[in-house]
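For reference, the structures are reproduced in the following blocks.
Common to both upcoming complexes is subunit A, partnered first by subunit B, then by subunit C.
For the complex of A and B:
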């Protein structure tokens, strides 16, 4: 393992300190926690809190700021944060109208955030949440923990953040969140695994000439391995999977997010974007919003994911385009 | 009746075993999860060691409650809330009945795990360790060999809960890491003599 770190078990603490130092005009660290909280005036709106294991930077702390998240809870690498820390984030984000949580669908995250909600209830803070499960690589059945939450989560942050900024109530955010999540689908692929600094070894093994479709952002297994192939055929596979899920019609309006996994250069991301563009153009989709870059990474994994959000309401585009002050949007 | 000194000895041994088996538990989790179970439990064990050194405990409830709180706030992942709920529910059981029998104490812990994680028997989780162990404790026939046997028995199960469920068929043939760490809990319970009281 070759990484710019000190003690592997101190990586998250040190990263949070560095981030907060670098962006001290925007964010602050809540004392004795790894919660990154925005430095914006409180004006009686619903707070928006997300978080999860670290290793997905800029998620989620990079999206803390006016118009997006009120706070992000940074867990240990690939490990859900604990209820006491989530509770601190909730308390700091409450402006009197309650707090909305955006949770990625992993057993650990759901349990820890639910426990934090129980604790907040005892402190008389109203809390609602949405669980994001956009990864279509997973079978959604009673035989799995359900679909995982991956890069599409960032679009949920943006839409709900803009709605909260506009003054939406907790109940309105819940309804909006559920609707957005049901219109959101993603799928990824990996060329090489991530190495969790605390583990010291790559999360899985894969041949130098192989790729795996459907790998999760913690290196969870995908659905198929193949030999490395040109970007155009990789894009075709991912678009085909999304098409099966959406059953779209020509003219349908979508937001597009192409996300790098951490060690895939922007050069390759844009090559892939060009291929996706051609494929979706053939489908005659209206790509009303587009974003490309590292949004939900997996430490140093080489790979990419493709997210589409079916725009069910043109208001969602306003929310996506609304100005924000964050580190990474 | 379970003496607080004996329970303290149990936890001390459990802490020691978690630290000793950190790499092993993470290796089990690398095969069917995300490779952090040993690190998570070791982080909890280190924090628990510090917590338990802070004061002398004179009752089982406080000891179990503090243990639960440390688990919840330090372990993280899925196992943090699960072990945390187990110890907090055991603390409640000890509070309601100072003479609580070991099997009833453990049953309260299992109820906590199942309430939080909603896993039934046969889903390849720590629940598959707790259920047969509690049965044996009830019948006074738990042995170290049996604890190990139940851990081993998670191998052929196909996971339908937790991260391992993403593997489907490929989760077959591997020990469940949470069942293995629970195995350490029950072996140290026997070693400390909790079952003899």
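For the complex of A and C:
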């Protein structure tokens, strides 16, 4: 394992400290936690909290700031944060109107965030949540019942963050969150596995000439291995899978997110984007919002994911385009 | 070579098309070139143009937009763009007040940008330029006489971009650019080489347990190889080298940029940031501006660089903090 780290078991603590130091005008670390909390003035609105295992940087701490998350809870690498840490994030983010949680669909996250909700209830903090399950690759997986939550989660952060900033109530955020998640689909592929520093070896084996479709952001198995092929073929496979799910019509409006997995150069991400463009152009979709880069990574995995969000309400585009003050949006 | 590409010789063309498609609200491609030009309204100010070989994404096209570059010229991978392409960028960026060029110190870039300046002179466009040579690792190198230009270049883009936006003249930009470059020092290290897709194999060999200090952003040799060591030791070596150059005093004010080389996860970048923080804290420096992430990459190299800019004028901090509309700042 060749990494720029110190003690592998201290990676998350040191990473959070480094991030908070680098962006100390924007975020703060809650004492005795790995919760990254926004420094912006209290605004009396609903708080928005997300998080999960670390290793997906810039998710989620990179999206803490005005117009997006109030706080992000950073668990150990690929490990759900504990309910007490989530509770601290909730308490720091409550300004009297309650707190909304965005949870990726992993059993540990769902359990721990729900427990934190129960703990918050006991402290009279109203909490609602949405579980993001945008990954269409497989049903049920190593750490998941149902579908996994992956890069599309960042679009949920953005839309709900803008709505919260605008003053949406907890109930309105719940209705909006449910609707956005039901319109959100993603699918990825990997060229190489991630190496969790605490484990010290790659999460899976794959041939030098192989790629795997549908790999999860913790290296969970995908749905098919094939020989390495041109970007245009990879794009075609992913677009075909998404088309089956959406059953779209010419003229339908979508937001597009192309996401690098951590060790995929922007060069490759933009080549792939160009291929996706050609395919979606043929489908005559209206790509009303687009973004490309590393948003939901898997440490140092080489791979890419493609997310489409069907725009059911033009207000969603306003939310996607609203200005934010974050590290990584 | 395992990459998400199509024809290796078409990587730059396809990448530029993908980038311009993804951010078509912000940038446009000049016809028959790989020049990425900002779409913002003409403002009658000095234009700011940079560029160089591709493979350093998001540099430089990711910094095109209001408040930073007017245009970026994307050469072939690790190859200087041709004078005629640079000229097109200059022509598109001139709004009557002339155009300022930010050139990284590689012999090919310096030659071709100077030729483009001469061509622009013949068309009565006033052009000035600055050559960035922030890399303190070595004197003279594979493609360079003197010192190489690396990640610090992005801070030059930002400061000059803000000054141009504020209405600085060509002469004022020249004076400012020279002063900023003379206050700017960087140094990097690599854990693994980059693979140029047109070459198809890694740019150099390095042992599984080795790192190299001072490697250039095209894989040019550094100044020493050592066994892999903890992040804190790596940080200490780089900080020590910078300290020798700056000869700083307690209380001196600096901007800090920690830059990933393309395949270095943010997790590692922030762990390293935490180590740099501790070292610079002992030096009692005032770190008045900080930024961490992938700004000047070397395709898929694993590595990191550390840049410090001594703040000679508090106005520079205003320029660094001024809002921009770009893909990647």
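Assorted remarks:
Please note the rule applied: the second predicted complex is superposed on the first by the 324 of 329 C-alpha atoms of A that agree within 3 Å, B and C clash if a C-alpha of one lies under 4 Å from a C-alpha of the other, contacts with A are read in each partner's own complex, and residues count from 1 in each chain.
As a working rule, contacts are C-beta pairs under 8 Å (C-beta built on N, C-alpha and C of every residue); 3 or more make two chains touch, one makes a residue touch a chain.
None of these values were measured; they are calculated from a predicted model.
With both structures placed on the common chain, the touch criterion links A:83 to subunit B but leaves subunit C unconnected. Once the two complexes are overlaid on the shared chain, A:232 sits against subunit C while remaining clear of subunit B.
With both structures placed on the common chain, the touch criterion links A:266 to subunit C but leaves subunit B unconnected. Of the two partner chains placed by superposition, only subunit C is touched by A:18; subunit B is not.
In the superposition on chain A, contact is made by A:302 with subunit C only, not with subunit B.
By the touch criterion stated above, A:216 is placed in contact with subunit B alone, subunit C being left untouched. Overlap of the subunit B and subunit C interfaces on subunit A: residues 77. Touching subunit A in their complex are the following residues of subunit B: 26, 30, 34-36, 39-40, 43, 72-82, 84, 116-117, 158, 160-163, 165-168, 170.
Touching subunit B in their complex are the following residues of subunit A: 9, 53, 75-85, 106-108, 111-112, 115, 138-139, 142-145, 148, 196, 198-199, 201, 203, 216, 218-221. Against subunit A, the residues of subunit C that register as touching in their complex are 2-7, 11, 14-19, 21-24, 54-55, 57-58, 62, 77, 191-192, 197, 208-209, 211, 228, 230-232, 234, 256, 258, 262-275, 277, 290-294, 297, 299-300, 302, 304, 328.
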